[in-house]
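The following block contains the structure, expressed as structure tokens.
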Amino acid sequence: MKFKLGCQLNYSVAASSTFIFNLSVVEKKHQRILQEKLQIEPSMDYEEYVSPRMENRYLRVYVPQGDLQVSYQATVDLFYRDEDPSSISENPPDKLPLETLHYLYPSRYCESDRLMRLAQNEFGNLIPDYSRVTAICNWIYDNVTYLSGSTNQHTSAYDTATERAGVCRDFAHLGIAFCRALNIPARFVTGYAYNLEPQDFHAYFEAYLGDRWYLFDPTRLAPCNGLIRIGIGRDAADVAFATIFGDVQMNYKDVFVEAVPDQDGKTPELPDYTNRAIALI
Amino acid sequence: MKFKLGCQLNYSVAASSTFIFNLSVVEKKHQRILQEKLQIEPSMDYEEYVSPRMENRYLRVYVPQGDLQVSYQATVDLFYRDEDPSSISENPPDKLPLETLHYLYPSRYCESDRLMRLAQNEFGNLIPDYSRVTAICNWIYDNVTYLSGSTNQHTSAYDTATERAGVCRDFAHLGIAFCRALNIPARFVTGYAYNLEPQDFHAYFEAYLGDRWYLFDPTRLAPCNGLIRIGIGRDAADVAFATIFGDVQMNYKDVFVEAVPDQDGKTPELPDYTNRAIALI
Amino acid sequence: MKFKLGCQLNYSVAASSTFIFNLSVVEKKHQRILQEKLQIEPSMDYEEYVSPRMENRYLRVYVPQGDLQVSYQATVDLFYRDEDPSSISENPPDKLPLETLHYLYPSRYCESDRLMRLAQNEFGNLIPDYSRVTAICNWIYDNVTYLSGSTNQHTSAYDTATERAGVCRDFAHLGIAFCRALNIPARFVTGYAYNLEPQDFHAYFEAYLGDRWYLFDPTRLAPCNGLIRIGIGRDAADVAFATIFGDVQMNYKDVFVEAVPDQDGKTPELPDYTNRAIALI
Amino acid sequence: MKFKLGCQLNYSVAASSTFIFNLSVVEKKHQRILQEKLQIEPSMDYEEYVSPRMENRYLRVYVPQGDLQVSYQATVDLFYRDEDPSSISENPPDKLPLETLHYLYPSRYCESDRLMRLAQNEFGNLIPDYSRVTAICNWIYDNVTYLSGSTNQHTSAYDTATERAGVCRDFAHLGIAFCRALNIPARFVTGYAYNLEPQDFHAYFEAYLGDRWYLFDPTRLAPCNGLIRIGIGRDAADVAFATIFGDVQMNYKDVFVEAVPDQDGKTPELPDYTNRAIALI
């Protein structure tokens, strides 16, 4: 299924500043970039850095005083793998691929070390397979209120577990923290989300089950098979859409995602909520 | 029912220090002190201060370098009021006695302001009467593990709500915080507890329901009708059994409580767990 | 010196709600209420409760759905005692009046128990008298940025000690926490403040030194001898200008304070910053 | 300079468990492993995993019920690069190698996002070069008390900044958090430390300055040129010497480091405190 997506960001830069953007989608076997365009106005040089393990694309630009407008637009072809979740098990610690260990450890916004008992109490007796992560997402959906403005950039899973309100990044952080507390590797994902209302950058998470990473979105705000990945990290600290060093104000942000009709003009089967397990690889 | 109770505390005082003890039981209409003895060795002067609202008895003693031994022993006659809990309602905020407001506000170890949503999610739909506080105690008993040494003097209800382990003071703090988050006045109580194993100073809480304060002990470690009150406060900060200003080490602590046979030598009806609502007034 | 002061608060009440206001000034020997008027529109009954120890005046009003307007206005005559600070000492713990102990303990927003070392490191070697509390205020003024909107109702002294930004209530909480960590009783005060810009309810603190409570305002936003007291408490939890139980929105808040000319039309000596120690008693 | 070092760890394993050890030293151009031996008793298989970016060596072993003894011993030849610190500058954000960005972001135990103002207040006006990181280490040494048992595995830089006590890992975390708050990449390092008293695994940190990573140890417990590296990570979460999945108790831990005489029997120049800048590459 093809999507056209992108964003526009406008800033006022009070004094020369450095921006690191992470808003370009990644190229994966099942997420093909058909066309892509980045425009920076006024025109200036930028560097791109692709992190070796995570494949995130970071753009660094050094901006003098004045206005900055960044416009990104891409067309991607997305082939999500979907599977029967009943056949997907967790891995015991002695069987986990060692390169996933990194995602078992607590991180800035996912203090899994402090949520061990809570996770054990709530999910410890469940069957150790895909359905346990679904149970985690259901718990979050049922117990945490989605409330814009209720949290800030310092809010972590420890807070959300108790304060019970947040936005997509908080929902993802809590899902990740619960997974790690149960020895399930989990990582934070940012992306463009088809049918998200209102449109914005979205955050969700992936858990390592069976032999791959599966997508989960405890917010239920957009179907998982309509998520186009930007970046992955331990948590939001790794994949801010913009990290800014300097005295800068954002004046405007617009994000868009639309399904692209097939070449024969037929509308494709659109992303929709599903009980299938969704993976990007 | 009569109880003989007391404690012995031994300290090494490295340099002259001030102690404020709160270990004497209070005299109430239904908790009569029949006999009482406080011994400080070496013998020295002390001041007693009874806080006007809470009736806590604080002893202040200024101790030079050396050893200090404090022995307290009392016989009390205890007449708990017990009632049918089904007739006891919560008070809406416009009907609460204004002198209980003080116990609605968050305090050092009971951050009810941060537990509003959790309390609403878990208990918001329950009938607003005595049974709701029982539900809070059951929740704590079911979800928090009693584990000596798992917490310290900085641990608060916010921590315990998430970390799910603690001791009696943590259980009481969480019960208080949940009550306050639901607009039920609640206060911290310390006391001697019949049948507590191992013996120690105990902590529990009272909630204001109907027209009086009722006792609750979410630890289920001792029957509520065998609790002999020392002090009440907003939380543990107000009623430490010893507040010490100086370089002091505690070497020994012993606490004891025993039921006293009637004068005719018959053993009285001993305290036991009950479904009745227990109040001290 | 005479002041005319007051406030107006407008609310939309979505469903019947209970308000507890603490916005009336207290009557003290040196703060005389010459005239006072409270208006509630639409007209309705209210209860007043004066807390026995702290003398705060709480107004409770039960409001049906609709609009609420509360207007308060008073004229007070204020005679601050001012003293030479060089003669004012701290009290060692064995000499403190026992009724001030209450203000040595940590509270919700003043976690003095967690700031012991920081307070010792920064202020432990200073002379234990009035000048040490001045040093605390100077430290706060120098190290914490006054920044509207940087904190919220959950922010505590522990946060402010590290995050180094806040508003008047955060400045007061940190001052109190440092004092308590050094065994100086300290309490939170709310009031109307002459010359505060922009006008609002103000928060400052009092420390018990010598034989009375002295005023300190680490914000330096208004002279201490122009502060007209509303309430005192352990911290902001005790003296919110409005505690609301219900679904209510505040639409308007206006606070005013003005100096009243003498009867002979002469302008009195206006409050101003001073190095004298100021006390209300 | 050659060192012989190692450790012995004994565990009782209540039920079959998985261990991930990170206690083997890394092989670097300037840290050559001359000889190395790992013994596990009872004998059993293990996997080794070397993390691609950080080169940490993780050993995973799945252990049945019973006793486990792990003995590690190595001889390394260490050639620290030492430089004149006066020539080493910080890099502005637009010049930092993009692969160091990862170490600018906050992590579990280094919440640099919450220490921005404190870092600016204390170090913001210093010259942006090597001496600023030295100033950070001096501040930590002067303001934080090294106190065994004062912290636990949940303690973070945010806590240490305020509570002012900790052990080597807390000192390193705070140093890292301050560096990141000033836009200096910083990472956590574990190692064997010559002359550490008492011997144990040690933790320190590296900051990226000029064109490489330099070592800093704010504890001043061991000379930087006597540190033999085990692992690097964002913070202690990445490089625990043992991560254990199961019901296990540690019964014994012994760590040793000794200087090895030259082949001609002469004692080499031993590690010692220096004002030179030390780097491992």
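In this document, chain identifiers A, B, C and D correspond to the written order of the chains, with residue numbering beginning at 1 in each.
We take it that contacts are C-beta pairs under 8 Å (C-beta built on N, C-alpha and C of every residue); 3 or more make two chains touch, one makes a residue touch a chain.
Remember, it's a predicted structure, so these values are computed and weren't measured experimentally.
Undergrad: Within the chain touch network, how many edges lie on the shortest path between chain A and chain C?
TA: The distance in steps between these two chains is 2.
Undergrad: Specify, for the interface formed by the sequence copies chain A and chain D, whether it is same or different in terms of residue numbers shared by both sides, with half as the dividing line.
TA: Comparing the two copies, chain A and chain D contact each other through largely the same residue numbers, since over half are shared.
Undergrad: Using mean C-alpha positions as chain centres, tell me how far chain A is from chain B in Å, no decimals.
TA: Their C-alpha centroids are separated by 47 Å.
Undergrad: Taking each chain's centre as the mean of its CA atoms, how far is chain B from chain C in angstrom?
TA: Using C-alpha averages as centres, the distance is 31 Å.
Undergrad: What is the distance, in whole Å, between the centres of chain B and chain D, each centre taken as the mean of its C-alpha atoms?
TA: 45
Undergrad: Show the residues in chain A shared as contacts by 2 or more other chains, in ascending order.
TA: In chain A, the residues touching two or more other chains are 114.
Undergrad: Just spell out which pairs of chains touch, all of them.
TA: The complete list of chain pairs in contact reads A-B, A-D, B-C, C-D.
Undergrad: Of all residues in chain A, which touch chain D in the complex?
TA: Within the complex, chain A touches chain D at residues 18, 20, 47, 49, 51-53, 58, 60, 62, 92-94, 98-99, 101-102, 105-108, 110-111, 113-114, 153-154, 183, 234, 237-238, 245.
Undergrad: Would you tell me which residues of chain A are touching chain B in their complex?
TA: Residue list for chain A touching chain B: 114-115, 117-118, 121, 143, 145, 158, 161-165.
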